[in-house]
Amino acid sequence: MDLLLQILVNGILQGGLYAIMALGLALVWGVLNIVNLAHGAFIMLGAYISWYSFSWLGLDPFIGLPLTAVLMFGVGYAIQRGILNLVARAPMFNTLLITFGLEVVLTYLAQLVFSADFRTINPSYSGRNIDVLGVTIPVVRLAASGLAILLTLVMWRFLLHTRLGRAIRATAQNLPAARLHGVEPRHLYAVTFGLGLALAGAAGGLYGTVSQINPYIGATLTAKSFAISIIGGLDTPLGVIAGGLVLGLIEALTTLYVGPTFADVASFGVLVLVLIVRPSGLLGRTA
Amino acid sequence: MSPILEARGLTRRFAGLVAVHDVSFSLSPGEILGFIGPNGAGKTTLISLLSGTLAPTEGEVWFEGRRIDRLAAFRRARLGIGRTFQIMQPFPGLSVLDNVAVGALFGRGRGQSKLALARESARECLEFVGLGKHVDHRAEDLGGPDRKRLELAKALAMQPRVLLCDEVMAGLNLVEIDEVIDIIRKVRDTGISVIVIEHVIKAIRTLSDRIMVLHHGEKIADGAPDSVLTDSRVVEAYLGKKRS
Amino acid sequence: MRPLRIPLILIVLIALALLPLYGSDTIVQFGISTLLLAVLAQGWNIIGGYAGYPSFGNSAFYGLGAYGVGIAMVQWQLPFAVGLALGVILAVVFAICLGIPVLRLKGHYFAIATLALAQVMAAIVSNVELAGQNIGLVLPPLNDDALFYELSLVLLVAATLTVWWLTRSRFGFGLIAIRENEEGAVVMGVDTTRYKVLAFALAGVFSALAGGIHAYWITFLDPESAFDITLNVKMIIMAVFGGPGTILGPIVGSFILSAISEFLSSEVTSIAGLFFGVVIVVAVVLMPRGLADVARRFHRTGWRYFIENIRMHRL
């Protein structure tokens, strides 16, 4: 029983992290209709930025998160304005391919610049745990997951209740009308994509505190982010919380009851099932 | 004569909205039946129920004495039900000729199996609707009125027994409307029974043997053109209640 | 096809077929890899280029083909041809069982679903004992590069002839109709579900055969290499770069990109991967319909062709 409780808690904590990982992807996808196959690579980039901030500047990964986010925002703005913009009105497939190309470029650049070593971000408190009801919770994991959920809720509030958030959603839903209201779509699209990457970067920074990072984690993280976004549904930013928790729990339970090598099979199996049975996701409005 | 196409109590609900409610009618062989009704009356939904694009929530569709409302749309096409779309849907990457050839390849029965013969049939259909000159043009290059003729040619290439036309005259000028009326008459003369949805009342009056009126998804009139068009309920539906 | 083309193609074909006689060992090996990649690109062309369903998971078929050969030859001591047949059967079963639900999805949802399926295959197979689990299988060696080369060439010709047949058959027209306007195709009598699954299975068959030949050639397979996800990228890029929905486009695309990649990796090793990424980005922006379209339009519009593409598609 204790073991099950521990596994469940692990799954929930992992779910929180998954939520923030997928949030950037879901935002850009749901709002801009950009399916970003390079999303995981950007998470990886954010993780490295945090790592270097920690190693060179001594910046605690949690405190330094805003720095990572701001830098990644800049990268996102530039990429959208400079590259993705060029295929914004082309068939969706072109965006898929271009972001795929970006993923390849980022991975190889990372390999060149950062080398293929495995790294982690280890602040002084990284070994500490707290014990609750017989369940061991690493402090870092708790902080990461908690922060992740917090950021997701902030994003939700932002999109639904602030002027900029609503402008973003309006532009995405009705471009000509938005233009008539004086919105500069290219700028807004770039801001939105920048936000998406800022979130990815933040997720990377948090990811780096609990897992090892190397240049190749991009592909798997992208795949997982897709699974989470689809399972949870793209209609609301809260969808990623649902998706993240579901995925975290499924992986944890599969590892416990079936075996660790089946965890991936289970998560992607659920993804395919959701796509077939309810493509709008758990929290999505059925079309 | 037994009807070639029959609807019995057709109803179609979308979450919270009843688009078509308990509509029954029959189409006789060689007849031209006009559907009219204000916007949102459910005309296109009814056509989709007949062609198989939508499944009915309740009711039945009978074709040549067989019940077909459970059949998939492509099977109904192969049985001989052709339709045109209100929002025109050519195959943009194909030439005008090949657009129509698809209809010949997959139409009634199992269609043509030879591409060359299918293209021959396609040529004939294009001549029939007056697009003979545009045979090798790209479908996406055609203008509005020509696209409507292309829709007709595509449906005709399938060698249908029943043709469902959804607003083929929308956006045409008077001369073009007369041309389309001629084409539809020619179609009927080849033995095809036709249902025509239209907003152009004058055209419908000259063309149809019978007119059916839909309003809020229900049939409110069904009969000879002149009597239907002067029916007070029909006038009310279009113009609103008379203020006394 | 313009009459001048056919003699030209025959000459190239004969030159290729005779390559093992005058080419060095390295060239022949490069040839095998390139030919197999071209087969994958052509297979993708059927489902992605002609039917309009961009599969990001044909590597699953490739791996099934590899394991078909591996299991048949290593575990059951059956000949290579039987192994290939087994791979094909596995691929077709996979295409039908998983194709039917997945082909109901549109556009990028379909892409993601196939990507997920491909990801899963390696994980599943690494748990199957018959397939040697994570350790993999070692096949009996056959040191005859020339044979593998000719086999690969024959497979590519078969795949290309199939695509050529598509352009003049009822089936092919049905696929194109599905790609251009699926709902329109349905009301004209096309059995879209059956056709899509058939196209998927056809792509799967060629991918599986390529996988089987590759496995026997390198005499070793494990889940990671057999279900190599990067193959998906490569085959799509090659098909799209050359021209999706054309007969020779994918071949031209694979030959050119493979050659440049090979040249680069002999000069600067890690640049090769980077090169692919940059090519993808640039090609998608400047020539989204591939070289075939460039070849067709360039003499009419010149350099403006590329600018037009950008202007048409940017926000």
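So that you can tell them apart, the chains are marked A, B and C in the order they are listed, and the count of residues begins at 1 in each.
As a convention for this text, contacts are C-beta pairs under 8 Å (C-beta built on N, C-alpha and C of every residue); 3 or more make two chains touch, one makes a residue touch a chain.
What you see is a predicted model; the values in this text were computed from it and never measured.
Hopping across touching chains, the smallest step count from chain A to chain C is 1. Here the largest set of C-beta contact pairs joins the chains A-C. Most remote chain with respect to chain A, judged by CA-atom centres, is B. The mean-CA centres of chain A and chain C are about 31 angstrom from one another, to the nearest whole unit.
Taking each chain's centre as the average of its CA atoms, chain B and chain C sit 42 Å apart. For this pair, chain A with chain B, the centres built from the Cα atoms lie 49 Å apart. Shown for chain C are the residues that touch two or more other chains, of which there are none. On the side of chain C, the complex with chain A involves touching residues 54, 98, 101-102, 104-105, 107-109, 111-113, 115-117, 119-120, 123-124, 126-127, 134, 229, 233, 236-237, 240, 270-271, 273-274, 276-281, 284-285, 288, 310, 312-315. Only residues 168-170, 173-174, 176-177, 179-181, 183-192, 245 of chain C touch chain B when the two sit together in their complex.
The residues of chain B lying in touch with chain C in their complex are 51-53, 72-74, 77-78, 82-83, 85, 89-94, 98, 101-103, 105-108, 111-113, 115, 118, 154-155, 158. Chain contact summary for the complex, chain A toward chain C: residues 35, 83, 85-94, 96-98, 100-109, 111-112, 185-186, 189, 219, 223, 226-227, 230, 259, 261-262, 264-265, 268-269, 271-272, 275-276, 279.
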